[in-house]
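Just below sit the structures, each encoded as structure tokens.
Presented sequentially are two complexes of chain A, the first with chain B as partner and the second with chain C.
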Partner chain A sequence: MVGRWVEGGVRRYDLLDPLPGCLLTSGPKGGTVSFLELRNLAKTFPDGTRAVRGIDLSVEQGEFIVLLGPSGCGKTTTLRMIAGLETPTEGTIQLDGENVSRLRPSERDVGFVFQLYALYPHLSVRENILFPLKSVGTEKEEQETLLEEVSSRLGLESLLGKYPYQLGGGDHQRVALARAMVRHPRVFLMDEPLGALDSHLRLEMREFIRGQQLALGVTTVYVTHDQEEAMSLADRIVVMDEGEIRQVGTPSEIYDNPSDLFVANFVGSPGMNLLKGEMIRENGTMSFRSGSEEFVFPPSQSIPAGGFVLGVRPEYVSLDREGPIVGKVLMNEYMGSNCFLHTDTALGRITARCEVDSSLRTGDDVHLRLDTEHFCFFDSATGTRVE
Partner chain B sequence: MAANPNFVPAVGSSRYRNIDFTPPVDVIANAMDALDAWENDDLFDRGLQSETDVARCRAFAEGRILSQEDLRVSLAWFRNNESTIRNNPSWETDGRNWQNWMGRGGEAGLEWLIRVDREMTAQDNEWKQSVFFPPTISSYAKLATPVVETDENSYYDYLLNSLLIGLFSTLVAVLLGTSTAYGFSRFKIPGGKDWLFFILSTRFLPPLAVVVPILLMYRQFDLPDTHLGLIILYTAFNLSLAVWLMKGFIDDIPRSYEEAALVDGYSRIAAFRKIILPQAMTGMAVTAVFCLISAWNEYGFAMILNGHGAKTVPVFFLGLQGGVEGIPWNTVSAGSLMFVVPMVVFTIIVRRHLLRGVTFGTVKQ
Partner chain C sequence: MDSFLKLRGVSKRYGKVQALKGISLSLQEDELVVVLGPTGAGKTTLLRTIVGLESPEEGSIIMEGREITHDAPADRYMAMVFQDFSLYPDWTVRRNLEFPLRAPGRRYTKEEIQERVEWAATMLRINHLLGRDSNQLSGGEMQRVTIGRAIVRRPKLFLMDEPLSNLDAKLREELRVEIACLRRELGTPMIYVTHDQAEALSMADRIIVLSNGEILQTGTPEEIYRAPATPEVALQLGQPKINLLPVTRSDGQWVTGNGLALLDVRDSRPERMMLGVRPEDIEPTGGKEVATVEVVEDMGATRILVVNWWGHRIHITVPKSFACGPGDEVYPHIRTERAILWDP
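And then the complex of A and B:
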């Protein structure tokens, strides 16, 4: 059990080095193997549920990866397999060049932050934080040094003597984070750690977690169903659905170039407007016909003729008196800095993001214009993106 | 055998003041007569039918008074059978039990019975009316001496037996129950639900229904009359309760606690010991109280499986009945109070755990 640990029980990072080996390098071994590699990872539960259906993922050292998906998509199961809390039915997990798929959780040297904190109720904050160190028999003095380091880093000095039930809101999560951080694990695994907090604290803790991760440069896998959280935290987002990875990419890639209909609809709030229609190529022109509307494009694009789904984000739909699409306002959703106008058109429901205009009421007619520059097309049969 | 000239009222009746319990000479003579007959195997001739009758008769003849209850039974019997007795002066015709030799005292005996009864009743009424009474600890001291001469153990030895057997069986039942419940709670066990039902089914039968097979098995292993025997038995009976109670408590402990411990570098056993056990303390305290109560008060098996080697207090109380002086209520009361004390102390010790919340409010459910 102790064999996995570097001498002295914990791995020390040079805290002055801003991002050790982060992002730019291809991993500690310098080879093609990434720091954390999931290969064909699958989990079928005894009751027959196929929670994860063979996923491949490479995570570089120091990266902040967010697994994003609706509940039941397999993201938490994936995370638990990395931690060793679930045994994969198929596939391997490689950590730092070593196959850890069959190792016990205690042998993997990972830090896990649970959604409901899981602070040991009968131990004080100090004992909670020291708990992982005691398992490996770290020297008393070393323990104190590490405790001091982590508690000053997370601002927990005044809480050390308290018990979990005496803590409030974000403090629980900071202690849980401290417990995961204290022994400098190879990977941080976080399972919706902010899910139980109210929105104000969630924003605060989001920044806090990202700040800590950047400062320590520890590879982090973070699970959430909140796409806004994913966008703001991730170096790369992994969108999952029904046990499969739908898309891996930076937040902007995911947002601007969703790889299929699921990602297009799931990411963004509200999601992409999706209009069914047909691509027509005639006389050297290319147009997309949906209902009675027709959008004409420069013929340079390589999309073949046929049935497609047109996707356009609400911010590329504008109110325009001359606009070709007539819609009836279903709801004017006020968001503060802007508003979302949900309309019913001949093409289907279209949501536009526009300047606040409280004069628009339910039932009013508006004219909309879509920005053809930002159209995405999806194969209407398979749902995959067509370029 | 001659009548005892130095008649002294018994200590057991000493709460009656200034009553002359001395029976008329005729009555004592009759009693001596009956004893002689007993010793000459002339049992039916003198109407003595059992050892108890003889003991009563002997106590009487030796100057130890009978209890008030006995006196009253005698009186009632005598009145019911007065004419028969008077018309049939021979022992053979009507001697059915020990009372009749008292009646044999004739008018003098009857008068004696009535007088003593009246005086005792008068004092009883006086006693009942008084709220204040002089307290005494003499009964506690009396508990320290054996009740029967042949017994070398006193009440306190039996209390120690009860304590040993109760605490050990509780300890074992709670520990086994907790670890079994943990297994059922956290792991997928083939046929797990059936096993749990089987464990519960051991409670379907009234325990005493299996007393014969258990006695036979115990004889094979020399277990009757031993502490170990009762400890095993009580543990077995309490185990099903312990498993079911503890399963409920452990189900309520979120798995994420152990999972956190596993990730923090602990083995499952260590996680159980360091995380689950402290969390399950409340449940264990509750279970322990239930187990201890049922072991503490168990009477049937303790009586049947025991001579006096591992006799427990409930069995001791049984032995107090049918004594020469009737039921010694003062001794019973003192013994009962002493019997309750350990339970109260135990409950106070675990109270801290009973009162603590189950989840302590740290995991938001």
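And then the complex of A and C:
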């Protein structure tokens, strides 16, 4: 059997069988069932809080899935149900064809890393990493092999003798990751593992985690409220709000084609500019009127006349002396590689992503042009996207 | 013009740890200074020393021309906002906002208190929350109230200790703009501590980069981003982080250890330098030497390419319109005028 654990090598996993999660050869059974399937999964807490309201999700083997949403959207509860730390009130969880909904966490063969996943303070790094193996009675020799493998992979060799209090934030998280990885679980579950780290360490660890996941090919479900983290890590992003899934898609699908106003605003830093207005169809032309502005388009069949919200990303707003929209600069936000110009206009607040120009100051008047090719329209009553 | 606040050689030690090593800085009357540094750099100690919760072993603190090094915190007329919200949970928002005005020794009439609370609530757009209990608020609302509690007193100086760290990324991004705009409107100086480079770049009039109790560099966001004094400072700012490559001079070019020629040498410099180039200052085409794309991260407005260039792992930021995938070849070209060279 060849596992993606060992780059270019062949290793037999006699002692660790069965290890279907690590093997590329065990694809979805029957062709229709995905590796991890959530079906109508719901959780209502005893106090009546409907944390998760019946979600369906299929995750393919080896995929990196990010659950993204604000505090209280149900993403952590979903992850905890997959882990077996919460019991669903409704629905099922299938892992590799097996219904695991009622299994205990230890029987599910998943590895988790949490933001505050405490390492045992009285144990060395080595003992911390070995802990999950010892608890399932892995043989000594195999323990050593696995420890060596994971510590060289994560660059922890020199830290094995140290204790948690002697570690910096990044190393601490690397050890927690090693502990989750050492057992070769079928699935990695990560709940904001980088939340407690300084921002520059977070960036470094983010790449590190992605690199590891790509190398190992282990199916991963990762929870975060940080859309940038989601964009950079995910094969597919699951955007959640109020216990429901709002959209599932690749980072660029989610970014370019948000399915509703919530996603449009939540994804993107800053989010999409949203302008209220009216779609007008006259003499074979179509135009969108917002405030005193009118944008004319080639007619499209699908968008009817009526009230809509126009969405346009900040990078499709440009400074242009001839631009039709006049804005007053609220703030020229310097970001290093670019700047965000937040302006107040007759249409509402519009943010433009531009080249750095430090001459623009709060209170200045600017002219803006919107790129009509990249408009999205949303139904102003329901918030859903219209094409 | 005399500075509003001055620190001269301020040092603070906790047991064996020298938390601040002779810090000197100044703050103008209408300025927002961000202190940027990693955990353990001494940022919080610095704020606590300025507000009077710690007293320095050495050095002096001067506000409006008067030494206040040993004044009690209450006599300094500063307001500090912490990372955790520290509101009284069972109290209404209104009562929380009134609290600093009702403290012993402050004599405000009922009308004054009401007027100030309304004013602060309007500034922060929390009027609709005044009657609510604090424990019913969302994280963003709580932090707004906490800031409200700092502004009702109309202090002479705001000190903010990572006030947004406990909030969701989306809220952080909105509130950082709000705080900077609010401060500008109030015209009150502010020292804002963070480890978040985006907050520092976005909010600051000036950034002070702190590390191990020492100031590494002070300057406008643009100065620090474009002309970092050392590679250490350069690594603190920018996303993804700056590419760093040790180079030596060879045939009029700066060349890496394995012979990759990166740039023309323009002036007389030492033989060995450290080259820094930000990911957005490398173009993916137009160079002479090939690199292989390993990873493409789609960040929405831009894409980040991680490329292997003669064994060097390099980050390049490209516009979204630049199409490529893992395994593709690119020819990186460094924008010479943007490259930074340090004498190691």
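Methods note: the second predicted complex is superposed on the first by the 357 of 387 C-alpha atoms of A that agree within 3 Å, B and C clash if a C-alpha of one lies under 4 Å from a C-alpha of the other, contacts with A are read in each partner's own complex, and residues count from 1 in each chain.
As a convention for this text, a residue touches a chain if its C-beta (ideal position, glycine included) is under 8 Å from a C-beta of that chain, and two chains touch if they have at least 3 such contacts.
Note that the structure is a prediction, hence the values are computed from the model and not measured.
K.L.:
Do chain B and chain C fit side by side on chain A in the superposed arrangement, or is it a clash?
P.N.:
With chain A aligned, chain B clears chain C, so fit.
K.L.:
Touch check for A:225: first (chain B), second (chain C), both, or neither?
P.N.:
Only chain C; A:225 stays clear of chain B.
K.L.:
Answer with first, second, both or neither: which of chain B and chain C does A:238 touch in the superposed model?
P.N.:
After superposition on chain A, A:238 lies in contact with neither partner.
K.L.:
Which of the two partners, first being chain B and second being chain C, lies in contact with A:187: first, second, both, or neither?
P.N.:
After superposition on chain A, A:187 lies in contact with neither partner.
K.L.:
Thinking of the overlay built on chain A, is A:203 touched by chain B (first), by chain C (second), by both, or by neither?
P.N.:
Only chain C is touched by A:203; chain B is not.
K.L.:
Going by the touch definition up top, name the partner, chain B or chain C, that contacts more of chain A.
P.N.:
C
K.L.:
On the A-aligned overlay, A:110 touches which partner chain: chain B = first, chain C = second, or both, or neither?
P.N.:
A:110 sits against chain B, while chain C stays out of touch.
K.L.:
In the superposed arrangement, which partner chain does A:330 touch: chain B (first), chain C (second), both, or neither?
P.N.:
Only chain C is touched by A:330; chain B is not.
K.L.:
With the two complexes overlaid on chain A, what is the closest approach of chain B to chain C, counting only CA atoms, in Å?
P.N.:
Result, nearest C-alpha distance in the overlay: 11 Å.
K.L.:
Which residues of chain A are in contact with chain B in one complex and with chain C in the other?
P.N.:
Touching chain B and chain C on chain A: no residues.
K.L.:
Which positions of chain B touch chain A when the two form their complex?
P.N.:
Going by the criterion above, the answer is residues 188, 254, 256-257, 259-267, 270, 275, 278-279, 359-364.
K.L.:
Can you list the residues on chain A that touch chain C in the complex?
P.N.:
Going through chain A, the ones touching chain C are 70-72, 169, 198-201, 203-204, 207, 210, 214, 225-229, 231-232, 250-252, 255, 266-271, 313-315, 330-331, 333-338, 340, 342, 353, 356, 358, 362.
K.L.:
Taking the touch rule as given, give the residues of chain C at its contact with chain A in the complex, in rising order.
P.N.:
Those in contact with chain A are residues 38-39, 138-139, 168-171, 173-174, 177, 180-181, 184, 195-198, 201-202, 221-222, 225, 235-241, 278-280, 295, 297-301, 304, 306, 317, 320.
K.L.:
Can you list the chain A residues touching chain B in their complex?
P.N.:
Residues of chain A touching chain B: 1, 46, 83-85, 104-106, 108, 110-112, 114-122, 131-132, 135-136, 163-165, 172, 179, 183, 196.
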